[in-house]
Amino acid sequence: MLKMATLRNLHHSIKSKISIQQFKRQLSVTVYCHQEYLRTSIKDDEKGIRRITLDDTKKRNALSLAMLDELKQRLQDANMNESVKVVVLGHTGSVFSAGHDLKELLDETGSKFHSQIFNRCTEVMNLVQDIDVPVIAEVKGVATAAGCQLVATCDLAICSDTSKFAVPGVLIGLFCSTPAVALARAVNRKQALKMLLTGDPINAKEALDCGLVNKTVPIEDVEKTTQELAERITRHSSRVIGLGKKTFYRQIKENRDEAYCITGNVMVDNLTYEDAQEGIRAFFEKRQPVWQNNK
Amino acid sequence: MLKMATLRNLHHSIKSKISIQQFKRQLSVTVYCHQEYLRTSIKDDEKGIRRITLDDTKKRNALSLAMLDELKQRLQDANMNESVKVVVLGHTGSVFSAGHDLKELLDETGSKFHSQIFNRCTEVMNLVQDIDVPVIAEVKGVATAAGCQLVATCDLAICSDTSKFAVPGVLIGLFCSTPAVALARAVNRKQALKMLLTGDPINAKEALDCGLVNKTVPIEDVEKTTQELAERITRHSSRVIGLGKKTFYRQIKENRDEAYCITGNVMVDNLTYEDAQEGIRAFFEKRQPVWQNNK
Amino acid sequence: MLKMATLRNLHHSIKSKISIQQFKRQLSVTVYCHQEYLRTSIKDDEKGIRRITLDDTKKRNALSLAMLDELKQRLQDANMNESVKVVVLGHTGSVFSAGHDLKELLDETGSKFHSQIFNRCTEVMNLVQDIDVPVIAEVKGVATAAGCQLVATCDLAICSDTSKFAVPGVLIGLFCSTPAVALARAVNRKQALKMLLTGDPINAKEALDCGLVNKTVPIEDVEKTTQELAERITRHSSRVIGLGKKTFYRQIKENRDEAYCITGNVMVDNLTYEDAQEGIRAFFEKRQPVWQNNK
C-alpha cells in the first residue's frame, strides 16, 4: 500500500513536470529502485487514456526482466488508478519490441533465471488480458518474438503500414513457443505455423488480414487512429467495460454451454449496476447517460 | 403432442389465408395464448424450406421474452416437422433484430425476471445450433446486440451490402457478454473485442471478411441468394444433414483426439444409413441418389 | 527395426534407379507385401526435403486402407530418418486426393472394416501433426473429403490457383464428419459449415482467404513455391523445429493458462539445447549459426 501511494505521488510529480533528476531521485525509494533507469514512460490525458511507452530504444525495447518488472508494475498501476480508462501501449524508435533480451538467455544465467524470465513474461501477458482496463497496442515498426506476442495479447492493436511482425525464434535455435500461445489464439492456424516454422516476417496488410491487428494506417496517422479508438472506449462506463473484458476472457476458454452459464449470470449482475440502469433510462429519455465511473 | 397438432393446424390455417381475427381466435387455444399477437410468421415452400420471419417491425424485432418464447416454439416445431429441411430466419423492416427488449431489463422487472430472459435467450441460441435442421440468417439491415448474437449463432448467414452489425451494449451500460459467446466463436478475437469494447457497428464487407456472414449481396438479391443456398442443402438427405450438423457442434468443443473419437464412430454409424448406401451406389451407377428422407 | 532397415535399403534402391520389376520383387519382403503396387513415391533432395507423392492417379489418389497404410509408414519413416527436415506431400494428376475409396465403404465390407478405415485415417491425420517434421501440402488440383481433410491437417499448404477444395460427403449421404474436425480447426466456423452442409467446392482464392492454405500461385509455380517454403524451414535446427511443432499442437488444445504452463517449461528446456546456445551466440557474433541437427 505504501508503495502504491509512493507511486501515485510520483505519477503526480510527473504531471507537475519536475526535472528528470528530481524524478530519478524520488524513484530511488520506489519499486523501481533496483533499476538504473526507466525503460518505459507514462502519460495521462484528460480523457482517461494512459499511454505506456516502451522507451528503451537502444535495446530495441527488449523485454528484459527489468522491462517486464516495470511493465507489470505499470499495468497493475493503470488498473488500480480510478481515472485510467484505457491503456495505449506504444513505443519510441522503429521497434515496438524485439522480444526477450538474449543476453539474459545465455547458458551462464542458468535455467532457474530463465524460468523466472518466462514466468514474469507470462505474468505480464496475462495481466494485459486480465486487468479491467482495455489495452491497445500501438505499433509503428517491428514487433518480433515476445514483442509480437505482446501485440497478439493486447485486446486491440493499430499498426502503421510499415510495420512488420515475426516470431523468428527458430533463427536462433529457440522456437517461439510462448509467443505461439498468444499468436495461435489471435490468427488462423496455418498463418501462425507459417510464421513460427519459417521465422519470416509478415507485413501490416497480412497482419490485418489474419486478425493480428485491427487496423493499419500510414505511419503519420497511427497515434491519431489509436487515440480515436481509445476515445471510443472512454465514452463508456469503466466499470461495465471492466466487467465485460474480464468476462470475455473467462468465457472464451470454456465450451459454449459453460460460456453461456457464466455470461448469463454476468448479464443479470450487470443489470444491477447503476450504470446499466442509467444507460437504459438515458436511452428511453433520448439523452446521453451519465456514468458513475467507479471501477 | 396435442399442442403440436394444434400448431400444425394453425400453420395450415395461415396458408389458407384466414382472417387475422379468426386466426387470433384460434391462437387463443395454443401455446401462444399468453401473447396478444404473433411476432413471427412462417412460410413453407415445396422444397422443404421454412421461412421464419421476425415480424415485429415496430419494436425493431426485439427479442422480448414473448419473441424468444415464440422463436423457441418455431425452432422446435421446424425440427419436428418431417418436411422441413432448412430454416431461413428472415425479417421484415430494416432491422433484423435490435436485441433484447430494454423495457424488460429495467430495475422494476427484477433480477429473477432478467435471469429468465437470458436463460430463454440462451435456450433459443442453443436450439438454433442443436436442432437437426440447418438455420440460415437472412439479414437485410441492422442486427445488434442479441440480434447480432443470433446471426453469429446461425449455421450460415447471407446479408445485404447495406447491413450493419454491432454489439453496442456498452452504450447503455450493459456489456454484450452473452452475445460475445457467439461472436467470439464466429470471428477472430481482435475483431470481436473491437466490436464489444467500442460498441461501433461494422459493415457488410467487414462482416464478410471476419466470417460473421457467408456472403453479402445487393439488397434486392438477398432473398434469391438465401433461397439458392437453402436449396443447395435441400438436395441432400435430411437425416444425414441432421447427423452431420449435430456432430459438428459436438466435436467442435472437444480437443482434436476426442473430436476424432466422436466423429470416427459417427462415420461408421452414418454408413449404416440407407441413405449412405444409396448415395454410394448411385455414385457408382452415375445416377442421382433417391433419399429416404426420414429425419 | 528390421523392417525399417529393409525400407531404407529400398529407398536407396529407388534412388539407384533400379527397374520397376526389380523394385516390386524387393518390395514383396517388406511391409508393403500385402499391396500389389505402390500408391506413393518418395524423393529426397540434398537439403533434407522429402517429397512424398500421392501417385495413384487412376483412383484419384483415394485414401484406401492400402494408401493409408502406406502413408502411415511413409510419415513414420520420414520422422525417423535423421536427414529428413521437411516433408512435402504432393501428388500426380489433377487430383490431390478424392478422399476415401468408396468401394471400401459399401455395406458388404461391414462396420468392423469401416471402423478400421476411419481409425487408420485418423492415425494418419494425427501423424501429420504429431511427427516432429513439418508437413507441407502441395496441391495442384482438387482435394475433396478426406483429401481436403489432409490439406487442412497439414502444417502448411500451397496450392495452384486452379485448385478446388470440397467436403462433399453429403452428396453421397455420408456427411464429412471426420474431415470436419480438421476443417473446423483451420477455417472460420461459417465457412466450414457452408462447405459441409452444401458440399459445394471453394476455389483457391476462397481457400486462401479463410486460411485453408497459406498461398495460392499459378500452377506452374506451385512446386517452386513449395520448395522455397520448405527450404526456409530447412535453414533451422531440426531438433528445435521438432520441439516447436510438437509444443504447438500440445498447447493449442489447452486453455491459455495451461498453455503458458506447458510452453514456459519448453522454453527453459529449449535453452538447454546446444542449438539454442549456438544460435544466440552466433547472433551476438553476427555470423550464421551451425546447427547440431540431431533430431
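Here the chain labels run A, B and C in written order, and each chain numbers its own residues starting at 1.
By definition in this document, a residue touches a chain if its C-beta (ideal position, glycine included) is under 8 Å from a C-beta of that chain, and two chains touch if they have at least 3 such contacts.
Just so it is clear, the model here is predicted, and its values are computed rather than measured.
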Same residues or different residues: which describes how chain A and chain B meet, taking over half shared numbers as same? different
Superposing the C-alpha atoms of chain B on chain C takes a rotation of how many degrees, nearest 5? 120
Take the average of all CA coordinates in chain A, do the same for chain B, and state the distance between these two points in whole angstrom. 37
Residue numbers in chain A touching 2 or more other chains? 185, 188, 210
Which chain B residues qualify as touching chain C in the complex? 134, 155-157, 185-188, 210-214, 229, 232-233, 235-237, 240-241, 243-245, 247-248, 251-252, 255-257, 259-260, 263-264, 266-268, 270-273, 275-284, 289, 291
For chain A, which residues are in contact with chain C within the complex? 102-103, 105-107, 111, 114-115, 118-119, 122, 125-126, 129, 169-178, 180-181, 184-185, 188-194, 196-200, 210, 249, 253
